[in-house]
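Here subunit A shows up in two complexes: once beside subunit B, once beside subunit C.
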Partner chain A sequence: MATTTSTAARRAAPSRRSTARRPGGERLQPAFLWMVLPAFVLFFVFHTVPVLQGIFYSFTDSPGYGEWNWVGLSNYVALLSDARIGSAYLFTLQFAFVTTILVNALALGLAVGLNGKIKFKNTLRGVYFIPNILAILVVGYVFNYLFSSSIPAIARALGAEGRLSTSILADPQLAWIGIVILAVWQATAFNIIIYLAGLQTVPGELYEAASLDGAGRWRQFRSITFPLIAGFFTINMVLSLKSFLQVFDHIVAMTNGGPGTATESVGLVIYRGGFQGGEYGYQIANAVIFMIVIIVFAIVQLRVLQRNEVSPS
Partner chain B sequence: MSATSITVPTSRQGGLGPDGPDLPGRPSRRRRPRDESDEGGRINWWLTVLLMVLALTIVVPLYFTVVTALKTPDQLGGSGFGLPTEVRLQNFADAWTLTNFPRTALNSALITVGAVVLTLLTNSMVAYAIARNMHRRLFKVLFYYFVSALFVPFPILMLPVAKQTAALGLDNQLGLVLLYVVYGLSFNVFIFVAYIHSIPRELEEAAVVDGASTWTVFWRIIFPLLAPMNATVGILTCLWAWNDFLLPLVIVSDPAGATLPLVQYVFQSQFSANYTVAFASYLMAMAPLLLVYVFAQRWVISGVTRGAIK
Partner chain C sequence: MAALTALTMLTAAGLAGCSSSSQTELLFFQFKPEAVAFFEQAAADFEAENPDIRVVVDNVPDPETALRTRLVKGDVPDVLTLNANGTFGELASAGIFADFADAPVMQTVTPSYAEVIADLGASAPGAVNGVPFAANASGVLYNEEIFAANGVEVPQTWDELIAAAQTFEAAGITPFYGMLADAWTAQSPLAPLTAQTAPDDFFAARFAGDTTFEQGWEEAALKLAELYEYTQDDPGAFGYQEGTRAFAEGESAMLLLGSYAVPQIRTFEPEFTISSFALPATDDPAETTLVSGVDVVFTIGADTPHREEAMRFIEFLMEPDRVAAYAEEQVAVPCVEGIENDDPALAGVQSYIDEGRIVGFTDHQFIPAVPLTQLLQEYLATGDTREFLVDLDTAWDQVAQRRTWGLGAVQG
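On to the complex of A and B.
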């Protein structure tokens, strides 16, 4: 099929150009409108309207039910001096940065390995993808038990005293590490797949030429592999950071925000305050700021990474 | 490592021609096992062993889940990695009733199947209409409208949409299906449109000359051609709908409508001390997708890989 389509494309190439030259010239088929109309309506009702409602309520003192008053920007002002919100942002940013870097470094390394000349290639790829198909919440409960019971028990059996002999999840300073481990364990799989897809776009002849020129493995990776899959790297970094900033399931399963409020993420604070704490308007304002933060990070990240994408190649 | 070890296989891969680099899906994967057996001595055993050792980090937690689920409570002490001295299948029976497993699993299955089927049928159609009318301002605006939602975090609409679905009587499985279809649209349209751009228009034009309507063209020509993308989108939607926790948590109000992750959450908070039964329950929640994956593994990976390319 691939051959027929490509020859058809080649044969009809001139006529294709001519259709492109008269944009709007032909009449719009009504069918196309019917194809997008239901989706547009549903998207508008279930996505845009809630977002707009959210932005509206962020200027009120609504507890989520009953009466509310217009309070202007005071939610936003209050957010700036809220220590709990501040620490939630600090935790979320710290978690998201560390996890994004770890996940991408590990996934890239493992993908290069899984793309190499190895035995049991398909089986190994299959095993490495398993975490991606499991629910974070459920895996999180298992990891929770590992951290709070098994690892301390092993540490005690080995005679280790101090921090490892108790649960790191109960330690305000260390609990976030447990959550990072769960997130890395679960998310690396999907990134491996994307990097594998990228690695397969690299033509083998390049390595041939490079090794004739005497380039070692590391040099080949730095000068050929990485520049050619830089686009995949950018996509993975942006998507990873965006999803880790919204971390929720991991925390519910591992620490539930504790000990104290040491591992409360922004998403968790919004959920708790908004649904259970009667701070609907206030937390929606928080969510609006959160959206701006995420968009800014995504744009900055895209800019920086894409600039690096161009220069080496 | 050595120059020759790289030269030989790559030059042969280069011989595969144009479908080598840009179509890494099935064809190259089919050939790879032959490559391996051809150059048996060239296999990088160090790398293989290293990757196998690292794979233990994935296998060991799963092993731990299984053995814990099979133990009696009094075998729980220590590291918990030892094999059970006495297998207790009653854990599964208890978890089955405590989580109302048949009901919960059926909910998850219905939501997942509904979301996957509806997503494939509708999102591809929307993407097709947009991709083929990108030169019109209306459709271009629509494209950016959908795609820009990729950067709107869920928390901002989570509270309003929970109220909205409750008011509309959609705080149930049907509402969840609808939301998965709608919220998946941003990403799916993004990748579907890129893929449809690579399908030559001439195929459709020929059909139109033969008298086919736009609908016929879509269902008879485009939709079948989208198969690799459909596989990717289907797999990702399936994983999302089956494993998602936050959306059911904020949408579903009736406990009878709970999904598998949601019921683990309720279960955990009510019976937290009962570890062996809890682990049996976790295992039962993981098992369905794990089983499907074991049988469909190769297909799943190649599906996601191919989708990522375009």
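On to the complex of A and C.
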């Protein structure tokens, strides 16, 4: 999972790599080695080794303690016919796609607005950033209360019978919408920041030239702004999808996977089955599959989105 | 020079600190959120009597997950309180806990509760991997005042129970308060319903593959859904906290929970007497049994280096006065012989305890990996009985199939 992040960061800064090579000439400077090595060792010991250990356990029937046996690929075979796992993947993908699109559309729109000439610009930027610094769990319990008590109470007070007068979190068909709302509200802040950083890199003269040529606001956005910040769009899309695929805290605070198994994400099933159900080896196998799924999604996304990027220089 | 002096003093202070810490430190893993104050006080009292031991009380939320996470790290606590359920049985059979079969403290325990512990699972034949401390009685809690005001008698049969619910509904009182946001609450009425309507050897047959939930549990599932027709609107939006409060405030006549919920309800200071009765699932009062399980069991990590100190702590906790005090405070059934609890909330079920008309919790027979709680919550939201039973069978078979190391002692 961390691999996808670092790939994205590396791809995003291709120009820096070429400048770094220049002063040293052909030979690699030892200073660079010493800068990288500690991080590499820490990463290897605390991340790569546990991952390899986990992959090893996915071929066993270990409950996480005590004795275990080698079971070969049977955990992976069993995963294929497990309906609970299947519905968790379906829920997670649906949730991640919807949330990623909503978050990015909203963040891009707000960032363009916050980058324009408006009153209280800095105050508003601060206000829009607040959701990012609040813990998801804490906000989640607040939203949970809103959905299960406040909104139905308001709806009843207004005399609205029907959908809104009962908690949507208690409805297997609609509970996921509540989680999407929380996730979008919380994640938009961080994406706004990245889009704002991107918008700063767009030279102002381009807009002057464009308006002299008679291009309207929408045309300017489509032909200048968006192409020039496409790199930032790629990063945001990849990072959002990756983190929403791993959704966990949101669900714990809002529905705890319920009603029933309607909002169980893959991460939640791994945690529940592995630690609560005692099927450590089986859920580790699930985690290995899920890691591959996330990596594949990130690579495909990068390939497709980078094709549309242009370089401002 | 000054620096050197300071350094010497620091070292001396450090050494002095060491010499006083010849104390043994016991890590006490405490699962019961309702009893945090009790066990912290007991640990302090124990420390006062045993100055060589320091007890670190670790009150954990979501204890079973916390324990399993510790086990994955190979870090078993010295002393534990646990709920004696399916997970306890599974861990006991995996040899995580010490054996108490020959411990002197077991002589004081009510034999039937020692049996309950051994039946859940054991590290070896004849082993008992825990000391039962307090048991609960799981039936129906009711508001005596509302019952009297509406002229409703304590139901002896299933039909009387439904008739009572209809009477309350007609009077504009919520019969049962639904708390399905906390999915486990549905397991409370499920236990007596399945115990009384499914065949006695249902689980033995299910493990052997001779029966299915579709065959054995249909009546219980239908009756469970029927009970949940008599809740307030939108039962899925409210949890244990809201439910116990609503009952305490007189909003509902009954609550489908056991004696363990009474202390929580009393924190809201209800102005009526809380009573209880065993849930009748059939129309023959003689068939009614009370679901009772060991709510708190003490145990010791099998490999702890402080076995002797841990045992001393458990013996201290099992002293009759302390057991009685706990039972009174937590409205629990004491597991030590010769001690009784005359709390009015237990009066209605006392005869079942005395006569031994007791069955264990159904869900303790379940392999923990089967998502019973989730399927149950889904079922009560959708009401599709067939789908619930089929899903339960499928989940059970799949877990059984992929578990090569056996199904734990629940099997036998």
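The rule is simple: the second predicted complex is superposed on the first by the 267 of 313 C-alpha atoms of A that agree within 3 Å, B and C clash if a C-alpha of one lies under 4 Å from a C-alpha of the other, contacts with A are read in each partner's own complex, and residues count from 1 in each chain.
Basically, a contact is a pair of C-beta atoms (placed from the backbone, for glycine too) under 8 Å apart; a residue touches a chain by one contact, two chains touch by 3 or more.
Nothing here was measured: the structure is a model prediction, and the numbers come from that model.
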Touched partner set for A:I136, first subunit B, second subunit C, both or neither: first
Which of subunit B and subunit C A:G258 touches, first, second, both or neither: second
Partner chain in contact with A:F248 - subunit B first, subunit C second, else both or neither: first
Partner chain in contact with A:I177 - subunit B first, subunit C second, else both or neither: neither
First, second, both or neither for A:Y280, with subunit B first and subunit C second: both
Partner chain(s) touched by A:E208 [first = subunit B, second = subunit C, both, neither]: first
Partner chain(s) touched by A:N69 [first = subunit B, second = subunit C, both, neither]: second
In the superposition, subunit B vs subunit C on subunit A residues touched: B
Subunit B versus subunit C as contact partner of A:L110, first or second or both or neither: first
Contact residues common to both interfaces of subunit A (with subunit B and with subunit C): 64, 149, 271, 275, 280
Touching residues (chain side subunit B, partner subunit A) in the complex: 1, 3, 5-7, 9-11, 13-14, 19-24, 28, 32-33, 36, 39, 42-45, 47-48, 50-52, 54-55, 57-59, 61-62, 64-65, 68, 77-81, 122-123, 125-126, 128-130, 132-133, 135-136, 139, 142, 145-146, 149, 151-164, 178-179, 181-183, 185, 199-203, 205, 213-215, 218, 239, 242-246, 249-250, 260-261, 264-265, 268, 275, 278-279, 282, 285-286, 289-290, 293, 297-298, 300-301, 304-306, 308-309
Touching residues (chain side subunit A, partner subunit C) in the complex: 61, 63-69, 71, 74-75, 78, 81-84, 148-149, 152, 166-167, 169-172, 256-262, 264, 271-273, 275-280, 282
Subunit C - residues contacting subunit A, complex: 64-65, 68-69, 71-72, 74, 87, 90, 94-96, 180-181, 183, 233-238, 367-371, 374-375, 377-379, 381-382, 391, 394-395, 398-399, 401-405
Residues of subunit A touching subunit B in the complex: 2, 5, 8-9, 11-12, 15-16, 19-20, 23-24, 28-29, 31-33, 35-36, 38-40, 42-43, 45-47, 49-51, 53-55, 57, 64, 110, 113-114, 116-122, 124-139, 141-143, 145-146, 149-151, 153-154, 157, 185, 190, 193-194, 196-198, 200-205, 207-208, 211-212, 217, 232, 242, 245-246, 248-249, 252, 266-267, 270-271, 274-275, 280, 283-284, 287-288, 290-291, 294-295, 298
